[in-house]
Amino acid sequence: MLNNDVRYKIAERIAQELEDGQVVNLGVGIPTLVNAFIENKEVYLQAENGLLGIGPPPTIDQLDIDLINASKEPVTITKGASFFSSADSFAMIRGGHVDVAVLGILQVDTKGQIANWAVPNQPILGVGGAMDLVVGAKKVIGAATLFTKDGTSKIVKKLTYPISGIRSIDLLVTDYAVFSFESGEIHVNEILVDMPIEQLSEKLGITLKWREPVD
Amino acid sequence: MKQKVLENVRDLISLFKDGQKILVGGFGISGTPLTIIDLIAESGVKGLHIVSNNLGDYGMGLHQLFIRGQIEKAIGSFFTINREAVVAWSKGELLIDLLPQGTLAEAIRCGGAGIGGFYTKTAVGTELAKGKEERVIDGERYIFEKAIKGDIAIIRAKKADKLGNLIYHMTARNFNPMMATAANIVIAEVDEIVDVGEMDPEQIVTPHVYVDYIIQTAYKKEGDQYVKQ
Amino acid sequence: MKQKVLENVRDLISLFKDGQKILVGGFGISGTPLTIIDLIAESGVKGLHIVSNNLGDYGMGLHQLFIRGQIEKAIGSFFTINREAVVAWSKGELLIDLLPQGTLAEAIRCGGAGIGGFYTKTAVGTELAKGKEERVIDGERYIFEKAIKGDIAIIRAKKADKLGNLIYHMTARNFNPMMATAANIVIAEVDEIVDVGEMDPEQIVTPHVYVDYIIQTAYKKEGDQYVKQ
Amino acid sequence: MLNNDVRYKIAERIAQELEDGQVVNLGVGIPTLVNAFIENKEVYLQAENGLLGIGPPPTIDQLDIDLINASKEPVTITKGASFFSSADSFAMIRGGHVDVAVLGILQVDTKGQIANWAVPNQPILGVGGAMDLVVGAKKVIGAATLFTKDGTSKIVKKLTYPISGIRSIDLLVTDYAVFSFESGEIHVNEILVDMPIEQLSEKLGITLKWREPVD
């Protein structure tokens, strides 16, 4: 599967997790692709730089440098949208008013703590809204290909990349499987490829269990 | 009565001095006061401490001041896109204070509001919390952050009336309203200047009390760019 | 999709429970959600902790809840006009937490913004600073104040769209926008409900994410009074 | 002189202190009377409850419960006025953006520290914006009749009423004289009645000196 296809597949699966009426913040990378799969759901997209209600991508005529998302890409707005300052935007995020944040991740440990803002032995010079979203959103969904290009698993027992916050994410959607984190434990919700859970466990070097269905 | 609207941006050049702390509005280039930044470049002042989300973009805005070696320290949230800044930092030629974007926004708001500092949940347990006081409030961990104030704030708005009331344009609002409150001198660069009474009192985002000087921008918007006229 | 606009205010009665902490918008009577307060009076819930600038006025609003003995504690800035409240406090029948008005407003804003607490200059060295932590920041004295959050916030706005975006009317805005951010359940009482898309996105003060329920007010404005219809 | 005349005289004298372009907050009591004497000066009146730009008193037709000042009196607005929340209003006050606060006072000590929010041995149940204004305004002008009804001076060596804040006010305008406070010392700027400074000193039980003229 081409890398781009994989990214879209992850985005499509994440879109299924979103519910009507939710306020959602889509981070940089795979998360921005989620927008294309939301379709019939009434989901309200929030941008850290001060917008609630991102619409479909703009036409050339609609391009406006004063209307961008947090990735600095041009956007449009939906009916019912509103603009506000960065302070008010992060009050919304940090104060727990955003229902779901979808964040690209570099690593996640088996308790669900993530690293997504810096790599080891490199100057740490950018964080943006990453840490505010991790700590603030009611639900955090991680998005990533399960393995790096050199085949290393992004799920690790102990983070080797700088941590983004002490809060555990709720769900991790990868190209291989959907994982959930509850009470400090990782479980498999769904396997998206033709592979038994034992084989996935082995590939990751972690003993994986199915998540008990909740009713 | 003090006249806030200046015909010539150069009348402001003497306000800028070596070593000042300057708050600069904008996110990327959007909502950045490019005309005033050009003036600072022209002024040649050095050793500036710049508080801004990032150091410009696409070779525009604050990037110019960086290239000219006018910046001693940058306080912001996202310098990764400023590759030369990363190199300069590695060589010890640029000081950087990295803050989460929400912490930066809140610290500036507090600076303008007579709040000395605050406790935020963001960054607890991370490298950005190192050396910062931690406190548990109602069972949750928070870190202390001090308010940020500047000598000068330069901001960009859509429209000013002649008194200095401001409204912004869409996401170009970003850091500008907080920065307008948190400096001794506030200069607003705007697309349009209207008579007093032409703005809806419910819609004014920055009341005139915060604004000292108003200049017309030299940059025109063309789609997703600001272009110098 | 959850329908936020309710035809009958009585559908909300089961939200109110004994011992809740309720944030109530308004300054004097201006901008007070009188219809929802009437509902709380009708509900008969007791032991309430009320966060509001004052306890109503002219026998209206929160004054009613006080008279009925529904309030255990009042957190606010100005109870002097509520003479019976002063008497009740003297007899130990009412608990009062008095805060400077700006500290009250800021504490509620912090409650909604994920800020645990803050340091303010106000009240340093006064009786209202007693028992509060003091800290010197950059040579100035500040006192610590904790953020305030509620179980329910009841607010009043001029106009809501069906999604819950709100705009306010003149000085009736007062505490309402902060309270809208600082409670688990937020109920807005409004003069007018419009379709989504009828509000200018630049003018919305409270984005819809903060609002859970919307009801039409039962009080009509007649000059300097609200009159029940 | 009738008590009301005295109050208007104090208000008129305070109005002389205000300058074109200033943002001014007028407290309850004598300070609210100042508005009538501002006349030709372009002064912008701020109200704690969220208004910059109070206009002349309303006519009956203009009365609106949604447009009041911090004393809960109906007001109008001027051209260029703006509305904002209580949090933003006190950010403006506490943050040092209001040029002048004119406050009624109950007592002031010889260093300029004031008491204006509570009386001794009474329940302390109201403070409103008093403490925020004392600490926040760039300049604070106190307004009061110099003596209480029983003839006690409001200028005291040590406050017996609860203090409003550690900041000293800048100017005190009374019916007898205008006083200024600098570096912890009280001086007389101007005597408004026919009385030598020695006699005023004696009446107050304090040694008063003229303020040196500043140029």
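The first chain written gets the first letter, and so on, giving A, B, C and D; residue counts start at 1 in each chain.
Keep in mind that, in the parts below, contacts are C-beta pairs under 8 Å (C-beta built on N, C-alpha and C of every residue); 3 or more make two chains touch, one makes a residue touch a chain.
Worth saying up front: this structure is predicted, and the values here are computed from it rather than measured.
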Inset, instruction - Touching both subunit A and subunit B: give me those chains, sorted by label. - result: C
Inset, instruction - Could you quickly compare A-C and C-D and let me know which has more C-beta contacts? - result: C-D
Inset, instruction - Go ahead and note the Å separation of the Cα centroids belonging to subunit A and subunit D. - result: 55
Legend entry - Distance between chain centroids, defined by C-alpha means - subunit B, subunit C (Å): 33
Inset, instruction - Could you please state the distance in Å, as a whole number, between where the Cα atoms of subunit A are centred and where those of subunit C are centred? - result: 35
Inset, instruction - Indicate the whole-number Å distance between the mean C-alpha point of subunit C and the mean C-alpha point of subunit D. - result: 29
Inset, instruction - Mind pulling the residue numbers of subunit D that touch at least two other chains? - result: 77, 83-84, 90-91, 93-94, 135-136
Inset, instruction - Enumerate the residues of subunit C that touch no fewer than two other chains. - result: 106, 109, 113-115, 120-122, 168-170, 201-202
Legend entry - Complex contact set, residues of subunit B against subunit A: 27-31, 53, 57, 77-82, 85-86, 89-90, 96, 98-106, 108-109, 120-128, 141, 158, 168-178, 205, 221, 223-226
Inset, instruction - Can you check the complex and tell me which residues of subunit D touch subunit B? - result: 20-21, 23, 42, 44, 46, 52-53, 77, 79-84, 90-98, 135-136
Legend entry - Complex contact set, residues of subunit B against subunit C: 106, 110, 113-122, 135, 137-138, 140, 142, 146-147, 167-170, 200-203
Legend entry - Residue ranges of subunit D in contact with subunit C within the complex: 47-51, 60, 63-69, 72, 74, 77, 83-87, 89-91, 93-94, 118, 123-132, 135-136, 162-166
Legend entry - subunit B - residues contacting subunit D, complex: 1-2, 109, 111-115, 161, 163, 165, 181-182, 196-197, 199, 201-202, 204, 207-210
